[in-house]
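Order of writing sets the chain letters: A, B, C, D, E and F. Residues in each chain are counted from 1.
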Amino acid sequence: MWRWLHPYAKPETVYHLLGRWLPWVTAGAVLILGGGLVWGLLFAPADYQQGDSYRIIFIHVPSAMFSMSIYVSLAVAAFIGRVWQLKMADWALAAIAPVGAVFTFIALFTGAVWGKPMWGTWWEWDARLTSQLILLFLYIGVLALYYAFSDNRTGAKAAGILAMVGVINIPIIRYSVEWWNTLHQGATLTVFERPPMANSMLFPLLTCILGFALLAAALIFQRMRTEILRQELRRPWVKNVLQVSPTTGEQR
Amino acid sequence: MTQPANWSALTAVMRRDLMVVMRRRSDILNPLLFILIVVSLFPLAVGPGPDILGRIAAGVIWVAALLSALLGSERLFREDYLDGTLEQLTLQPQPLALLAFGKIAVHWLLSGLPLVILAPVCALLLKLPIAGWSTLLATLLVGTPILSAMTAIGAALTVSLGRGGALLSLLLLPLFIPLLIFASGAVEAALVGTAAWPQVLLLAGLSLLTLLLAPFAVAASIRVSVN
Amino acid sequence: MTQPANWSALTAVMRRDLMVVMRRRSDILNPLLFILIVVSLFPLAVGPGPDILGRIAAGVIWVAALLSALLGSERLFREDYLDGTLEQLTLQPQPLALLAFGKIAVHWLLSGLPLVILAPVCALLLKLPIAGWSTLLATLLVGTPILSAMTAIGAALTVSLGRGGALLSLLLLPLFIPLLIFASGAVEAALVGTAAWPQVLLLAGLSLLTLLLAPFAVAASIRVSVN
Amino acid sequence: MQFESWQAFIEMGGYGFYVWLAFGVSFLAMGLLVVQGLRARSKLEREFVQEQQRQQRLARRQQEVS
Amino acid sequence: MSTLLDVQQLASQRAGRTLFADLSFTLNAGDVLHIEGENGAGKSTLLRSLVGLVELQAGTIRFFPEQLPFAQEWRQHTLFMGHKPAVKAELTALENVRLQAQLTAVANVDAWQLLETVGLLGLEDLPAGQLSAGQQRRIALTRLWYSKAPLWILDEPFTALDTRGIDLLQQRFAEHTAQGGAIVMTSHQALTWRPEQLKRIRIQGGEL
Amino acid sequence: MSTLLDVQQLASQRAGRTLFADLSFTLNAGDVLHIEGENGAGKSTLLRSLVGLVELQAGTIRFFPEQLPFAQEWRQHTLFMGHKPAVKAELTALENVRLQAQLTAVANVDAWQLLETVGLLGLEDLPAGQLSAGQQRRIALTRLWYSKAPLWILDEPFTALDTRGIDLLQQRFAEHTAQGGAIVMTSHQALTWRPEQLKRIRIQGGEL
């Protein structure tokens, strides 16, 4: 069943394949996300309860959404790397994790900033907030382990194991936090009660979500290419790739 | 490959580790005293008001458990790695996961068990209301093995790095958090009079699951580190 | 024997230790993250009610300081002892106490300094009332060097024993207790509006004294351990 | 267009500080991510060139020796 | 003359350098294979890759009797000793020997006898860390006296031993090969004993 | 011919056994003192007690020039290398060499040159822990190439080195003694070099 993957599993092939897609994905990300944000900031109506502060939603919600799905993809990559001994899946950790970590950070930060006008506090030990914070720590842990080893391959394998252990924990964390918080205090601070969203707000939001997805893909592709090169630095094919433009990096 | 050989290797690993730590009989007391001291730090740090103390008691005892697990983590594999024991272990005919289980068990004996034993004293020192005692004990009993197993995974992953505890703690503490929440939540529940057993049962289930899976994760990590 | 030679040896010791821990530039973050995680453990353990959190905040941050000192303690001398670096250090022409001072400084850089830097964030996370912030910062600044110095003494004494952290903590924690009492007392004073500077000054005095004497104690302990 | 003036757009109905802080930091973070990615790539290229030069140096020295 | 080990076209790279490539050899009962090479040539890497401690670049390794299917089975037929002695400094010589034997699942070793054989009698109660360098090596080497593994893979077994110790060890090697065992070893010192079936392989090491 | 070291009636006990007693010798410029003895005889103990790492039972040790009054002064005139290499596995060869030199307060060593001398060029960027056993020893041995100490005290300097490495080291020994230095060393391997002023002392070791 994995046989069909085989020709694609060659680092060189993947490198060039990603290189071919990268410009398109990047262009799409810039256009769609830019459009979505302009739409959201300039044209969407103000919220009748929150006024214009709600416009933070156009970054907060997409980044929060993808912060979690990216972690799942991280674990899937680690699993493939472990079970099918696909080195490149392990390397993908290094491409995926930083993007996920930054998305998580953005969700946290925009949430905190939004919380100040809405809830009157920057930080609250609310279930969602807490689990997002832990998610950030998990990302950083995977990254720290990946780069802690001087031998790239060993680092990739070790981080893969950690990513898998971490993902088993994600639902547990989620559940525990949710449950812990409601026990201690009533639902005074649940993430805001919103009226059913008007289309004039929903459509820019959906555009932004799509834009974030493309952005994540573009970032990951670019990093994956670098990572493939790093891991294969001493292989002959890399010599060809890098010597096309030894100094300027035109070939990127 | 036969059962008895596996068993003797498991006990050999455990006996060796225990002997190294307890060259002297008096060393058995060290983990106990460590926990006592950590727990008695808190009344000093937060002031002795019984109302506050009682409310944070379960949390504090659980934090002490995490710390005692973390403090014992470096010794789990590091010296074995440096002196070549770890590579010999990977070459034994017994499954490495079995030997890893032995390591986890030793870690628990040296960090988890003392806490379980001392829990009543700690509860007394921190003025935990009586209603919470049995639940606290139950959570410790089923929860500390999870700590040991997770610590072993982290320690095995970082053993070849030799970089002090900061990286290790970074990896482990997020994984410990659910445990902390469930456990202190259970005691809280007992204190306010609602049923604590669902959480305790949940912890027990998690514990079993972890003990079943962790040895394999540890074994895989050791193989990665020894390379 | 000349001043510059002493200076270069001191920096060499410090640079070596720092490099071992921070192979990469990004490793600088690890101690910071460790502190953040430890501090965020507490709200999870004791529940998020802001009234409780604020009252125990200073104590918790100080307990985190102790722990981060203890966790870094094994790495202070143990590997140097095992690989022969420690015996080379005792044979250098420079006074061993000077090199010991270097070790203490590194330990502080890796465990005390991150805490001082992150203190505002920690205070925010734990909802410490604004009135206590400056005092907390002051106590940390003058108090954490004492922690590092004491830890170094304990670590040097136990380095040849190879017996994990429990014995070490046992030696050290009683020494830390006065520190904890003064520091959290000072913050408490600031919170209720009385003068905190007497305690802070006292801590500063203690700190100077310790930093002056500890290197000699560490040097003597190293010589005993290397034998 | 929801805002009458540039000024109103900046003020965001009184929430300007929060909205622009959130957007600013988010874009800063993403920008740093992009820059870091590109720099990692060019660092790799530099390393590669250095490595090649080192190989040549070593080869030359080996020839001198023999 | 039965074959114990068959190695075909082994290749290994470390940090981008090819240490050896296309290395093939067969080991029969009674063989002693002395692997030679300069510091950093790749001798230890070769031995470690034979037992699976290092990943191989290419090549096949077959242990005989081949009907043994699992990794765990051939492990029982192989004894590996690397540069590090795996002796616990905190435990006494006696404890070290006993626990090591239990770990390798050999029941009923006479630890006292073993200590006498390697010349450590009278020192059994000292923590191994306080013994001299050669004495610590001797503790590790006791494994050779009770191991039932036919294939021994020894990395620099003579390190830190005095001449009497080296002679003792070579005697044991002779016994082992006479009983149908085989030995793969490295050493920078020449053997003073002349095995009947001595093979040598020289590894050149990679180009820098 | 100036005297560098004068040792009178040294005695040492370890764990209740007398390792040596009444040991006296003098070391002049150009001398090589080879201390012999079986494993556990007490060679390392002797060397370590010369530099004060082990407490003496009895005897006097005098370093010359004697007008140097403080312990710190003779330390600058002595270089000791024991069984353990004091090489940090986490640091690269280059970093190890540089930091070691700074520690011994020798300014301006050319670390690259040193690495080339001991044959490690091209490996300077690998963490020392990944180098081969002999290569790690070589890192530690670079100290011999810049040390200004006249008296060298070396415990088993040939461990893990290949024959070329041993030759290189002996060359350096010859240079050192020719310049008026002196060497106290132990080794279970015979010297292949014949120093002009070779002395031997054989330690019998205590009765068990």
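Throughout what follows, a contact is a pair of C-beta atoms (placed from the backbone, for glycine too) under 8 Å apart; a residue touches a chain by one contact, two chains touch by 3 or more.
All figures in this text were calculated on a predicted structure; none of them were measured in a lab.
Engineer: What is the shortest path, in steps, from subunit C to subunit D when you may only step between chains that touch?
Structural biologist: The distance in steps between these two chains is 2.
Engineer: What is the chain whose Cα centroid lies farthest from the Cα centroid of subunit C?
Structural biologist: If we average the C-alpha coordinates per chain, E ends up farthest from subunit C.
Engineer: Please decide if copies subunit B and subunit C contact each other with the same set of residue positions, more than half shared, or with different positions, and reply same or different.
Structural biologist: same
Engineer: What is the chain whose Cα centre is as far as it gets from that of subunit F?
Structural biologist: Centre of mass proxy via C-alpha means gives A as farthest from subunit F.
Engineer: Please state whether A-B or A-C has more C-beta contact pairs across its interface.
Structural biologist: The greater number of contacts lies at A-B.
Engineer: Taking the mean of the C-alpha atoms as each chain's centre, how many Å separate subunit D from subunit F?
Structural biologist: For subunit D versus subunit F, the centre distance works out to 51 Å.
Engineer: Please tell me the distance, in whole Å, between the geometric centres of subunit C and subunit E computed from their C-alpha atoms.
Structural biologist: Each chain's C-alpha centroid was found; their separation is 45 Å.
Engineer: Counting in whole Å, what is the centre-to-centre distance of subunit B and subunit C, each centre being its mean C-alpha position?
Structural biologist: 24
Engineer: By residue number and range, which residues of subunit B touch two or more other chains?
Structural biologist: Each of 20, 23, 79, 82, 161-163, 167, 170, 173-174, 177, 181, 188, 227 in subunit B touches at least two other chains.
Engineer: Could you tell me which residues belong to subunit A and also touch two or more other chains?
Structural biologist: 137, 140, 144, 148, 150-151, 180, 184, 233
Engineer: Return the residues of subunit E touching two or more other chains; collapse runs of consecutive numbers into ranges.
Structural biologist: 83, 89-90, 208
Engineer: Quick check: in the complex, which residue numbers of subunit C touch subunit B?
Structural biologist: 20-21, 23, 27, 30-31, 33-34, 37-38, 41-42, 44-47, 52, 55-56, 58-60, 62-63, 66-67, 70-72, 74-75, 79, 82, 110, 162-167, 169-170, 173-174, 176-177, 180-181, 184, 188
Engineer: Once bound in the complex, which stretches of subunit D touch subunit A?
Structural biologist: It is residues 1-3, 9, 12-15, 18-19, 21-23, 25-26, 29-30, 32-34, 36-38, 40-42, 44-45, 47-49, 51 of subunit D that touch subunit A.
Engineer: Per the contact definition, I'd like the list of subunit C residues that touch subunit A in the complex.
Structural biologist: 23-24, 26-27, 29-30, 33, 37, 40, 43-44, 47-49, 124-125
Engineer: Give the list of subunit F residues in touch with subunit B in this complex.
Structural biologist: So the residues of subunit F touching subunit B come out as 89-90.
Engineer: Note which residues of subunit B are touching subunit E in the complex, please.
Structural biologist: 1, 5, 8-9, 11-13, 15-16, 19-20, 23, 79, 82-85, 87-95, 226-227
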